[in-house]
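Two complexes are shown next, each including chain A; its partner changes from chain B in the first to chain C in the second.
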Partner chain A sequence: MSTQTQAPAGSDRPGAVTATPAIEISGLTKTYGSSDTPSVNNISLSVPAGTVFGFLGPNGAGKTTTIKILAGLLAATSGKTLLNGYDVTRRRSATMQQFGAVLEGSRNVYWTLSAWQNLLYFGRLKGMRGADARDRAEELLKGLDLWERRDEKVGGYSRGMQQKVAVAAALIADPPIVLLDEPTIGLDVEATRTVMEWIRTMARDRGKTVLLTTHQMNVVEELCDRVAVIRKGEVVADLPTDQLLAQFRERDKYEVRVEGNLPELSLPSGFTARSVEGTTIISGRVSDPQQVYTLVDRLRDQHAVVQSLSQVQPDLEDVFMGLIKAPAHD
Partner chain B sequence: MTSVAPAATERPGRPARTDWKLTPRTGLSVMRAEVRKGLLSQLAHPVGHIIMLVISTVLYLGMQYVMGQGTLRRELIPETLVAISGYWFLHYGSLVMVADLVEEKRGGTYSQSHMSPAPPWVFMLGRLVTASLMGLMVAVVATLVPMLVTGVTIPLKAAALVPYALVVVNVLAFTFVLAAIAVSSPMVGALHSLFTSLVILLNGSMMPLALYPDWLAVVARFLPTTLGVEATTKVLFDGKSLGDIWSDGTLPWLLAYTFALVLFGGWLFSRNHRRAVRDGRLGQY
Partner chain C sequence: MTTLTPTAGRTGPANTADRPGAATYLNGFSNEVHKGLLNLRAGWREVLIQMITFPVFFLLLVLFMGRGQLRDELLLPGLLGMVSLTFIHEQVNRAFWSYLGDMQSGVLEQTYLTPLPSWTLILGRQVAAVVSALPSALSVLLVGVITIEARGGDMPFDVQILVPLTSIVLGTCGLALILCGLTLVYKRIEIITQFSMAVWFIAGGTFVPLDNMPDVTAFLSRLLVPIAPGIEAIRDILVGGHSLTGLETGWGLWWVILQPIVLIGIGVVLFGRLEQVARRRGTLGRY
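Now for the complex of A and B:
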């Protein structure tokens, strides 16, 4: 399968004021130890400033490896990674001031410290002056509804609150780029919603560039301007979200919903029926739209009550599954 | 969720400041934050430290009681107290350093602390200061309590501060070596146990080094603290001057050993850190 990409357009977000991409990856390859198979294989991505960029892929595809390289926690085998134009390997100090990160599967913050102590610590570590760190910590904790409980140990917080503190720690120095590796993993619906709102606010109102990985496609569909899909270390798609969905729209696939469980319906060839909770869903591909009318006529003849008729619109999950299951190109 | 206050940056989306430079002021600021964080974390669970304080005093007195075959031999206590202070400083300081590092690597916060413009060795030094303060606390108590219990005092001589300062540097360097190992291997706990057991056996904590067989004393001098304790006790109890311990070779050997340990610690940390970044083991084992 060929890679589906389009050069990223400049975002119309308030933060998109610079021509330099916020994140630029070119020819990035990472091979661990003596392995023959690279975890990340010659990938190139460009993320405009102010974009929420979804970086998707199945487990082990190379998402976390890429994020760790961007964060300077892992050395690439070859290739270049720039954050706001600063080379991660050559300008480490400048790069570290460009981003904040919430990493997957780790605590990110100290559970034995309070939220307040954590934010002051990470602020100083990022090179902030004490007074600036205190002001910013207050702003963040109030914004995340944690101000009243700022002096409690983070270990006593709920999972959602702990994740809020991790997000706040990533934002303490007000970095223009935020790397979020599975920020909603393990969160309940409400906490997920809170984190999503924050991501939206960061990008829309504050012009931050967000690189987001998640397995929750609804999160990506709702938040991301652009999506890249990585499979076995290679980028197989890199498009604006709406274009990616449009490209996978199946114009010849139709779905008809009929009231009741009617497995005995006689259908024209090419259509199949299944019952779901008191509704019969008939779907099939047609080469000639006339076949749809034939189906409806047949249903009417059988006194079936048609609830809806629609062209199948894929969601991001369908697209994602289609991309990662497609045979790899040589 | 409440709304977020207006942006603190004047130009949202623009590159952040890049003017952070490592200077004594900025380096100390990062180190101070690291020390403060470390002490807050340590003091969040005080019971473990209190138990260690009790163990440290009971162990020494019990050990001396057994060595004295049922009595506390007062003539041996001053010299062995100097050694036991070095031992506890080494044992507990390095334990705190190593245990913290292993726990943070497994937890994920070690990775987070690396996303700082400051180079990694700066906050490693901060961690070392925290660990040393904890070690110092135990060493002081482990020395003062037996002095109070037995009524034995250690004569204070300014000249002894030089070799004892080298004991401290010795301990810090050895702790840094263990920390460097902890960066790449969780098995550092076994090494810590091995070396600290050898130190308490051979650095003069049980009995003065002069009472050991010659070959064992030679072996003992390769362990951290032994040479420093030997030099310190010569000044304190044998009436030797700094010139004397220089000319008999004790001080030059101590300086060379300490210098080598510092260099080795720095080299090992640099190498293991580089490998951890190469192999993706900065935040995991």
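Now for the complex of A and C:
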């Protein structure tokens, strides 16, 4: 499998500590039971402190498995994970003080307890003194607009509010690293925006390291400094977000709009046409701009009226789809 | 838009200790007990229903055993057995279902993200379960005492019964540890928990003294059933009038003390092993 990587650079954010990577994964492999196929296959990643790191992949790619190994909830078959230099298998207690986590598909907090009770519980669970936990809980609940409803049971909250409480519980002990596995799943636009704002604030203003998995590419593109893409348990790309986008920009996508419905047009290879409301849209990726001129010439030869020609920049979703659909190289 | 007020956040490695201090252990333990009691308060309706149904069940059982009459010679031995059975039923079920519930909802994984070892939290759960078992057990005791006193009898009390009572509580903790450990790996074992309750009801000597059972059954009950030696000792003290050191039934005081220690030892070892298996298989949070 070819992997596109570049050595991670330190963040220039205030408060960022770059000497030791906040998250370091080396040669991590996890095979469940007697399965022949590892869920995570010899992956290595290094996340500098203060980075928002997007960890992307389709369902079943190995993202959650990796996060659970990082969090010490799952034992690796082989390899090593370090959080701020601490190995969870050897120094569990110290490692647990380095991070907070919102786990995918879980409630994360007790629905039978109030938001206030949950935060105090998880604060003390993390080893905080009662008074410290109360102060921090108040700060978090006020910051999340939950203070007025702090004594209501979480089960009665909306999905967005429940997720806010989960994020607050992960941050209760003010950990330097935050693992967020699908933190915006199931949230409406406003709640997603709130969580995104939180992530941005945590990283930019408070220098925290955030490892984020999500299927919402706009979230990643907006927040992440660096992105790794995992496919079938293997990392297929690990680059700063802008470099990843730039790399795919080399194979830019072009779009030509032609007047009328002309599905019978003869096109050069690599281009496809579709008709939308009286217009034919021809699009395709090109490795050489000359291919676009060839296309236009071909269209003129067929007496088609070209309305516009534009270069379509790839967004992260295009990059992601390109990476996960690319044939594997053994 | 909600925003966080930026404050001096922690960016580098957190202050760490490889082993949490005693205060952290105590804090975590009491935190777990507190959570259990909050859940108990949240489920007060259920507790209220149990405080009514368990005494009714006790009176009905004595009635059936007395062929339609509340016979004095059955009331006291039956009461001692029923209080113990109520206790073990509540303690085991509350510990088991709270664990299973946390696993099903996924919140169990979050409870593992702590610097404390999991046994601290399990212990806290157990203490909360013990406290949660008290209302139902005490209501059975209260109804039993009122019934006995109303019929002109006396409810005896001897401080020595605290030893077998403690034995029952600790032995039940061992049993709950085993069941919680099995739940981590095998998930849907409710049937085992419920079946074990039925076995304790029959083989625990709650209504039929072990001396009246076949020798093999009595032997296995005394050996394995957490409440059996305790119930036998309580009856011996309160009904038989014997001292703790001169128990006439069962295997004597040494077994009343040793059995819960053995059960807790087995529970701790088994739970630890099963937890490792769960981490390996990834079943801590998968239901």
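Quick notes
By our rule, the second predicted complex is superposed on the first by the 270 of 330 C-alpha atoms of A that agree within 3 Å, B and C clash if a C-alpha of one lies under 4 Å from a C-alpha of the other, contacts with A are read in each partner's own complex, and residues count from 1 in each chain.
Quick note on the criterion: a residue touches a chain if its C-beta (ideal position, glycine included) is under 8 Å from a C-beta of that chain, and two chains touch if they have at least 3 such contacts.
The structure presented is a predicted model; accordingly, all values stated were derived computationally and were not measured.
When both complexes are superposed on chain A, chain B and chain C end up clashing with one another.
In the superposition on chain A, contact is made by A:Q98 with both chain B and chain C.
When the two complexes are overlaid on their common chain A, residue A:W198 makes contact with chain B and with chain C alike.
When the two structures are aligned on the shared chain, A:R159 is found in touch with neither chain B nor chain C.
In the superposed model, A:R274 lies in contact with neither chain B nor chain C. Once the two complexes are overlaid on the shared chain, A:R285 sits clear of chain B and of chain C alike. With both structures placed on the common chain, the touch criterion links A:G127 to chain B and to chain C.
Residues 15-17, 20, 32-33, 49-50, 65, 68, 71-75, 84-86, 91-94, 96-101, 103, 105-113, 117, 121-122, 124-127, 139, 143-145, 153, 169, 173-176, 194, 197-198, 201, 205-208 of chain A contact both chain B in one complex and chain C in the other. Those residues of chain A whose C-beta lies close enough to touch chain B in the complex are 13-18, 20, 22, 32-33, 49-50, 65, 68, 71-75, 84-86, 91-94, 96-101, 103, 105-113, 117, 120-122, 124-127, 135-136, 139, 142-145, 153, 169, 173-176, 194, 197-198, 201, 205-209.
For chain B in complex with chain A, the touching residues are 1-5, 7-9, 11-18, 20-22, 26, 29-30, 32-34, 36-37, 40-41, 44-45, 107-109, 111-119, 123, 277-280, 282-283. Only residues 15-17, 20, 32-33, 49-50, 65, 68, 71-75, 84-86, 91-94, 96-101, 103, 105-113, 117, 121-122, 124-127, 129-130, 139, 143-145, 153, 164, 169, 173-176, 193-194, 197-198, 201-202, 205-208 of chain A touch chain C when the two sit together in their complex.
Of all residues in chain C, only 1-7, 9-20, 24, 27-28, 31, 34-35, 38-39, 42, 105-107, 109-116, 121, 276, 279-282, 284-285 touch chain A in the complex they form.
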